[in-house]
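Each of the next two complexes has chain A plus one more chain, namely chain B in the first and chain C in the second.
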Partner chain A sequence: MTLTGRGDTPTREVPVEPGFWLLVLGDMTMFAVFFGSFLIEQRNDPAVFGAGRSDLNQLIGTANTVVLLTGSLVVALGVKAVLDGRHEIGSRYLLAGVGCAGLFTALKAVEYLQKLDAGITPATDTFFTYYFALTGIHLVHVLIATGLLWHVAQRARRGHAVGRPWVQAAGVVWHAVDIIWLLLFAVIYLAGPLA
Partner chain B sequence: MVMTPITPDLAEQSPLLDRQRELRLQRWCLHAGTFALIFLFLGFGGFAQFFFPPPSPGLSATEIAAVYQENPNGIRLGMLTFFTATTLWAPFVLSISRQIELVTGPRSTLPQLQVILGIGSWIFLIVPGLVLAAAAFRPDRPVEITQALHDLGWILAIMPFAPFTLQAIVLAVATFLDREGAVFPRWFGYLNILLGLSFLPGMFLIFFKDGPLAYNGLLAFWIPVVDFGIWMLAIIVVVGRSISRQQAALTAR
Partner chain C sequence: MTTSPTRLVTIWAGLVAATVLSWLLGVEHAADDVFSREAVAALLVAITAVKVWYVGLDFMEVRESAPWLRWLFTAWLAATSLTLGTLLVV
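Moving on, here comes the complex of A and B:
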């Protein structure tokens, strides 16, 4: 799907602006390097990584995946509505996206507290260093995306003009954060070492 | 005291000849940064051989001391090169602030903030090189002392990336204030956000002796160090082009 409204530009436009994609794609490249490094370390030490993974709360991980995907749906609807000029319904969708981000953060906090309660810290072993570092960096991304959504939703709700690039940026950042989570969930929570 | 009005266009304030000389001076300052970049990596990674691989904080004191006993003169020469590079950092910082002034005017907070951060972060380039030079000075001393100096040098070099991050944010703000893209291209702003934030995970290195957040790990060492090199290269290209454009505009008069 595209983030641009229907029939507003005859030529294909780059959402936000070309330079912005350096940030988004550069960020994804950085995560690709993180995952690659995680997989290499996992191959070197399958026992520690397997044991660490079995200590993760898969239920919360799965719930958070559903929360983020739901967020993507409402954010996509909200971005489209705001770009089409339907500000009131658009801002409601975007605030629902902010709600999803809040739920994600709350569940993540429960998960971290469970780990700390069980005496597991980022320094426990290499698996948990990766687990806390990568989910933590992702959480910072979620908060940045939430800030953008909140900003656009508030402006739309109050009937201020909303710059097209801001609306698009909020949507793109949210979806990027969602895609990164899908990979993170698969690599850290689900996938076992290759035989 | 009479306040002179702020003119964003510095070219209007100085005579033609002086302005050309000033731009040549700025280019020299910028390329001090080019040499700084080469010397930083040549000294730390080349002569001192601290890159392949960077010594792990998980090594024992005897193993760390052995690194210094096996290559004392390489590390000494490397730290001498590294130290030379850090001196060249100061003119580089100033060549950047001159371009920010083109956007904001000379009395703005932004170029001043960048200079202060640049000179503040200078400490964390000078001091670690000197501490590691001291570590290589007497490699046959008790191994725990060498280990302590080694830890001190590496923590000083890798942990304090935050002032560099704030400098990158200042450059991003300057880029986005420069709506016409007259000085900084748009991609430069986004690149500064990306690279600046990637410096930060190194702050957590004190909790780890092993893994990606240890001072030889992916998140604390490799990504910040490689991104720092990319960052300096991007600044050299963008500031160089800005100086060239001003020189061309002067010649065209």
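Moving on, here comes the complex of A and C:
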């Protein structure tokens, strides 16, 4: 299906280049494999994983899920606005997305500090090795997505030309980071071992 | 045509409501007296899959993209959800 955007936006087949999508889906698949590995370890050692999960702060995990979803909303609105040529409002939406990333990072820092204060580190057990590694790699992804949003928002705010691929790529990367977190939240924070 | 802002806000509200429901099921064990733990775990995975579907199709604009991308995303989500759900429940 070929679509035409509003105004002077060009006809397009997919947002961003197909190769970029394969990169994003590949990254999401890498995380899915990690989550599968986590669940296999959980089946092998349900006692350790059940105890580890009970030590997590699910309230912060839930709050961070809402923060990232809210980020996805404002980023989607921002991408749409910038592509429609409404750079001022678009940059504000994208900067609101940067704000959501900041809030997410702050809450994650509180969570890490709570663990370290309780003497919990990546070396505590297998559950927390996975917890710190997966949430840490995800946090790096959040920061990369934030950098892209910041770059696009600043160019739009200053009235500079913003390439359509850059705008769409920033949005796609942010939403991919959101999707990875939704899976992480379900697997690590919520769904405990059944045994 | 792209997804309208009103639709995006509606989807966001639904995603937040689904997140709260997941929290009630996973942390507060709100349905443990009604359903088996296996059923609750399967429900958590299903809710997550629906959330990912809407983020991908509407926020990422996969819904309005080329068919190959819609199929690839759908296949990825189905494979991921079934694999994680099986490892969790079976």
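Here is the rule we use: the second predicted complex is superposed on the first by the 181 of 195 C-alpha atoms of A that agree within 3 Å, B and C clash if a C-alpha of one lies under 4 Å from a C-alpha of the other, contacts with A are read in each partner's own complex, and residues count from 1 in each chain.
In the analysis below, a contact is a pair of C-beta atoms (placed from the backbone, for glycine too) under 8 Å apart; a residue touches a chain by one contact, two chains touch by 3 or more.
Just so it is clear, the structure is predicted and the values come from calculations on it, not from any experiment.
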{"item": "Chain B versus chain C as contact partner of A:Val75, first or second or both or neither", "value": "second"}
{"item": "Between chain B and chain C, more extensive residue contact with chain A", "value": "C"}
{"item": "Touched partner set for A:Ala123, first chain B, second chain C, both or neither", "value": "first"}
{"item": "Partner chain in contact with A:Val66 - chain B first, chain C second, else both or neither", "value": "second"}
{"item": "First (chain B), second (chain C), both or neither touched by A:Gly171", "value": "second"}
{"item": "Where chain A meets both chain C and chain B, residue numbers", "value": "18"}
{"item": "Footprint of chain A on chain B - complex, ascending", "value": "185-191, 193-194, 198, 201, 204, 207-208, 210-213, 218-219, 223"}
{"item": "Contacting residues of chain A [partner chain C, same complex]", "value": "1, 3, 5-6, 13-15, 18, 21, 25, 28-29, 32, 35-36, 39-40, 43, 58, 62, 65-66, 69-70, 72-73, 75-77, 80, 171-172, 175-176, 178-179, 182-183, 185-187, 189-192, 194"}
{"item": "Sites on chain C touched by chain A in the complex", "value": "1-3, 5, 8-9, 12, 15-16, 19-20, 22-23, 25-27, 37-38, 41, 44-45, 47-48, 51-52, 55-56, 58-61, 64-67, 69, 72-73, 76, 80, 83-84, 87-89"}
{"item": "For the chain A and chain B complex, residues of the former touching the latter", "value": "17-20, 22-23, 26-27, 30, 33-34, 37, 41, 122-123, 125-126, 129-130, 133, 137"}
